[in-house]
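What follows is chain A paired twice: with chain B in the first complex and chain C in the second.
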Partner chain A sequence: MLTLREKRARRIAIAFIVPALLFFLLLNAFPLGQVLWDSFQLKNLLNKAENGFAGLANYAEVVKAEYFMTALKNTVIWTVLSVAGEYALGLVSAIALNQNVIGRTIFRGIIIIPWVVPIVIAGMTWTWMLTPDYGILNIWMVKLGIIDQPYYWLGELNTALLTVVFVNIWRSFPFFTISLLAGLQSVSRDMIEAAAIDGAGVRRRFWHIVLPQLKTVSLTIIFIHIIWTAVNFDFIWVMTEGGPLHSSETLPIMIYRYAMQEYNFGQASALASMMLGFMVAGFVLYYFYATRKNRG
Partner chain B sequence: MLISRRKQRILTIATYLILAGFTLYCLMPFLWMFVTSIKPDDQIRTLNPSFLVKQITFGHFDNVLNNSAFLTFFKNSLFIASVTTVAALLISIFAGYALSRFVRFKGVKLFGVAMMLSQMIPGVLLLIPLYLVMKNVSLINTYASLILAYTTFTVPLCTFMMKGFFDTIPYEMEESAEIDGASRVGIIFRILLPVSLPSLVSTSLFAFLNAWNEFMFGFVFINDESHRTLTPGVSLFKGLYQTDWGSMMAASVLSVLPIVLIFIFLQRFLVEGMTAGAVKG
Partner chain C sequence: MKMAKWSMVLISSMMLASALSACGNGNNETSSSSTNETSGTNASATEPAAAEEAVTLKFWSALDPSSDQGKTIQQKVKEFDDSHDKINIDLQVISYDVLHDKLVAAINAGDAPDISWGLGEWFGEFNKLDALADLTDAFNAWPEKDKIYPNVLEAMQVDGKLKALPNYLGIRALLYHEELLKQGGLTEPPKTWDELLNAAQSFKEKTGKEIFGIAGAGVRSPQELIMYLAQNDVVLAEKQADGKFKNTWLDNPDQLAKAAEVFRFYQDLVAKNAVKADARTWGWEEEDQNFVLGQYAMVVNGTWIEGRASENPEGMKDVKIAQPIYGGKPATFMEIAPLFIYKSKHPEETFELATFLMGADYQKAVNPSSAPRTDVVSEGWGKQFMALAEQGIAYPAVSLGGITKAMEDSLALALLKKEKPEDVATQLSDAINDSLKKNGELSGS
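And then the complex of A and B:
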């Protein structure tokens, strides 16, 4: 039996969470359910006559689509290379920032900057620097003798995706820097000193004491970024729109094409549901891994 | 002494070199953006580009501000981001308070889990159903569609930030006010919020930044020039201006300006917020 005061408190609590809950239910939970539902429906805005239950037909169509495998492969390449590059740069910069340097706050501030500008602006500025005609990076590379003549980095089949990966790394590594820096600052000085007294050199101390302590934070940010990168639409759309010839098309771009260019919402939903499935599988794996480790 | 003096010296030099490299890497694009925007065309389209501007021109800025819809886009973004910020803040002050003070109720705990989950649902998966919802209630091409979407995506993060701030304020402060007969809402607005003003500012700047930078929903929900926001607007300049990079870079400089201002205020909080996973990529 709740006291009168508790009852009042509960009423207040409910009143306080209702607005946020409404937003969650109407614009998060309901649409998510809708995606799953639509993925089993024939739903084409251009052809309204075609409707009703589709079973797994949408999924089959999507998987059979000409560029599905390309998009899947691109998504994996895009995600793995981006996250690997971001981690490497993040680690190096975090270690540098963790030293006793003058002007550390300023350096840290500068390194965060790419992370706070809109992706569109970042993408456009890099596109300008990379243009074959008068792009400064092309001109520099020609002058340094790295390439013979200006190269259309974003327009060639074999470099478009890699170029966007490069720019994505530039924009996203600061997040790794900040997280890893926080991790590095919590590494105990005592342990490092003890190891030093025992005769461990700089390299040994780094590999055997510092890195293992970064494991938890590393796993978490890598996991989060795998998801954020895999579902990113903006960067690729702004820089190449998935082209040339689908060579930089990833699954989110494909979802967009199905929905907003072909108006086939059924198939777009099937693709989105598949991505959701991948994500949930990832979560479950991560969860089991994390709990097992905690127990062990 | 953990390492010999000579080694220490080499390490210090290496550290500064690395940091200098990163500084160059991070700032170069912005520098080049700015330099391009104030150069006359013949110095932009040259095989000997230079960071030194011999002749400063504001022609590109003039072009962007007076001959394009840039100002409309800018105002739209400003309006949408501001309304989103206020709405998200109001909602999350209460939700954050509930999560901080009333977790003993099962419903509130469940609500916390729901907020956590919703933070992980990527926008692109909700793009299709949200578009259909907006279409069905005829909100396509309105500010409301974006304000609703952005508020939804910002509320969880703001809620957790507010909860964190409320957690640091001792409950005793409220108790005495309660005895004096103040209402719960009165307590929040008269006692708690004034104490956590800096936190309130940082939370709202985060909300603003997220709404200002968003691209995909703005691109899909808005099809008419008069309601378009800045990020899709600027990306469409690419088709409009073809190779007039001076004007495009001028538009970029102007779009980044508010962020630079926010950044100067936010720097300290930004690091904390990023560590807490606040800014979504």
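And then the complex of A and C:
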């Protein structure tokens, strides 16, 4: 039996929760449900004669699409390379900024700049810098003898995706730097000193003391970035629009094409649902793996 | 305590209500005033009696507010607003990059503007979305209807009904750097594909630059491709007896061969160093910028290049205009930027605004070199471009989203993957018919 005071506290709590709950239902749950529902419907805005229940036809059409496997492979490459690069660069820069060097406060401030540049601005600026005829990077690389002649990094089938990955790493690694730097600062200096006294070298101290203590923050930012990167649309769209010839097209670009260029919201929803399924499956598998490992 | 509790509930409710109100339909049928910072339009706020009956027309424009043209448009729209007590104009500036997606979203939400700018590529789609008003009767009653180019009007019609009006024209002509051509040993530009290809290597050796430029990717690449196809007497999709469309290349070996010739021409341009290798994936930005900088000699382009002369005034001094280099017969792409008039609650007022925007006074001020009117042709560039209006071809009035993407892909297959021209033409034909079928526009489907 709740006391009067507890009942009042509960009512106040509900009053605070209701707006958030309504927002969630209206802005998250309803659209998500609608996407799942639409994925089983024939819904082409340009061909309203065809409508009704589609079963798995939308899913089948999407999987059969000429460039589906390319987009799936590109999504994996884009996500894995981006997050791996961001983590590696973020870790190195965080360790560097954790040292007692002159002006490290200034460096800590400067390093966040790429992260605060809007994606569209960053994408357009890099596109400009990478242009073969008047882009500054090509000019530098030719002068330094790295390449013989200017190269169209974003215009060739084999380099377009990797170039966008590189730019994405440049923009996103500061988030890793800041997060890992915070983690590094919480590592006990006493423990490191004790290990040093016991004869542990720099590498041993890093692998066996520092890195394990960064595990929680590392997993958190890696998971967040896997999601953010896999669903990223704007960076690729601004720099290549998925081209040339779909060589940098990922699943979100493909969803956009279905929805906003072909107006086929049934197939767009099917692909979006599949992508959601891939992500959920990946995280569930990791959860079971981690749980089993912990039990072991 | 009770007061505190009610205050919290009230604040929560207000926050929720204010947030949700942003999602609501902002379409006011009547408005006592219309202020718009972007447009600078401030309508009859001082005349409450008249304003009570005034209607507000939502007008979405992709004007560039930093350009002289954009400022002139804003001023002209304000003049219209000020001179019409019962019509207020809510002018919103939305760049072309996002205008299409915003219009699609608005149309599907039942909240389309009354009138908007747009691109010709969207015409078939918006018509299929059943968003466009039938303007046939209103236009026929307009005294100045005969001043609009007939082939422009024809491109705005579906099944004999006028479904859009022309805003401005983007006729393409051959632009060339005269001095650069002379350096390459040419006193005048080549007229045919063969002449161009034959002159390319020698030009490159003499000047170190390429003779020609193309856009191999992006929105302009299908516009150039459809022009070259038309020059070889090939069309993307033909209207059939049942009123629907079909690409007939695979039914007609002669057409397929002609389409393949176009892709072979593209491949030859690269093989014979007529274009830079990078041009295989240039978009319109690279094509325009490199021409303005004099990195190559000739390009098929629009009047807007004239406005880029300030970036390289010395290098642009020698730019001259000619008919596009052709294959079988002269033809050029005519981009007709439409004024889309949606199924509005205020058709008469909207059409009145539309006729103002197509009027001689507005067109002289805003589009002197690209007006859709026969009586507005500026001297110099405008006159030379408009001389090509009669050979202008436009996209067929079908949904183009899948088709233009397929055209872009076909160029990539020919130029990047170097596939056989016949195979590329076959794949494009299939892709066009697939797209038509998906949208219920394929003949016999």
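By our rule, the second predicted complex is superposed on the first by the 262 of 296 C-alpha atoms of A that agree within 3 Å, B and C clash if a C-alpha of one lies under 4 Å from a C-alpha of the other, contacts with A are read in each partner's own complex, and residues count from 1 in each chain.
What we mean here is this: a contact is a pair of C-beta atoms (placed from the backbone, for glycine too) under 8 Å apart; a residue touches a chain by one contact, two chains touch by 3 or more.
A quick note: this is a predicted structure, and the numbers were derived from the prediction, not measured.
Chemist: Should chain B and chain C be called a clash or a fit once both complexes are overlaid on chain A?
Modeler: After superposition on chain A, which the two structures share, chain B runs into chain C.
Chemist: One more residue to check, A:L46. First (chain B), second (chain C), both or neither?
Modeler: A:L46 contacts chain C only, not chain B.
Chemist: A:L157 in the overlay: touching chain B, chain C, both, or neither? Say first, second, both or neither.
Modeler: second
Chemist: After superposition on the shared chain, which partner residues are touched by A:I112: those of chain B (first), chain C (second), both, or neither?
Modeler: After superposition on chain A, A:I112 lies in contact with chain B alone.
Chemist: If we overlay the two complexes on their shared chain A, which of chain B and chain C does A:G243 touch? Say first, second, both or neither.
Modeler: Touch partner of A:G243: chain C, not chain B.
Chemist: Once the structures are superposed on A, label A:A122 by its partner contacts, choosing first (chain B), second (chain C), both or neither.
Modeler: The answer is first: A:A122 touches chain B but not chain C.
Chemist: Pick one for A:M260: touches chain B only (first), chain C only (second), both, or neither.
Modeler: Both: A:M260 reaches chain B and chain C.
Chemist: So in the superposed three-chain picture, is A:I12 touching just chain B, just chain C, both, or none of them (first/second/both/neither)?
Modeler: both
Chemist: Applying the document's definition of touch, where does A:Y134 land relative to chain B and chain C: first, second, both, or neither?
Modeler: both
Chemist: With both structures fitted on chain A, tell me whether chain B or chain C touches more of chain A's residues.
Modeler: B
Chemist: Which listed stretch of chain B (61-69, 151-159 or 205-213) steric-clashes with chain C in the superposition?
Modeler: Among 61-69, 151-159 or 205-213, the clash with chain C belongs to 61-69.
Chemist: Just which bits of chain A does chain B share with chain C as contact spots?
Modeler: Chain A residues touching both partners: 12, 15-16, 19, 23, 131, 133-134, 260.
Chemist: Under the definition above, what is the set of chain B residues touching chain A in their complex?
Modeler: Within the complex, chain B touches chain A at residues 2-3, 7, 11-12, 15-16, 18-19, 22-23, 25-27, 29-30, 32-33, 36, 44-49, 90-92, 94-95, 97-99, 101-102, 105, 107-108, 111, 114-115, 118, 120-133, 148-149, 151-152, 155-156, 159, 184, 209, 212-213, 215-216, 219-220, 230-232, 234-235, 238, 243, 245, 248-249, 252, 255-256, 259, 262-263, 267, 270-271, 274-275, 277, 279-281.
Chemist: Touching residues of chain A toward chain C in the complex: what are they?
Modeler: Listed in rising order, the residues of chain A that touch chain C are 8, 11-12, 15-16, 18-19, 22-23, 26, 44-47, 49-50, 131-134, 152, 154-157, 241, 243-246, 257, 260-264.
Chemist: For a test of understanding, state which residues of chain C touch chain A in their complex under the given definition.
Modeler: 5, 8-9, 12, 15-16, 19-20, 100-101, 104, 108, 125, 128-129, 216-218, 276-278, 280-282, 286, 289-290, 293, 295, 399, 401-402, 405, 408-409, 412-413, 416-417, 435, 438-441
Chemist: Under the definition above, what is the set of chain A residues touching chain B in their complex?
Modeler: That would be residues 9-10, 12-17, 19-21, 23-24, 27-32, 34-35, 38, 92-93, 96-97, 99, 101, 107-129, 131, 133-134, 136, 139, 170, 172, 174-175, 178-179, 182, 192-193, 196, 201-202, 224-225, 227-229, 231-234, 237-238, 252, 255-256, 259-260, 265, 268-269, 272, 275-276, 279, 283 of chain A.
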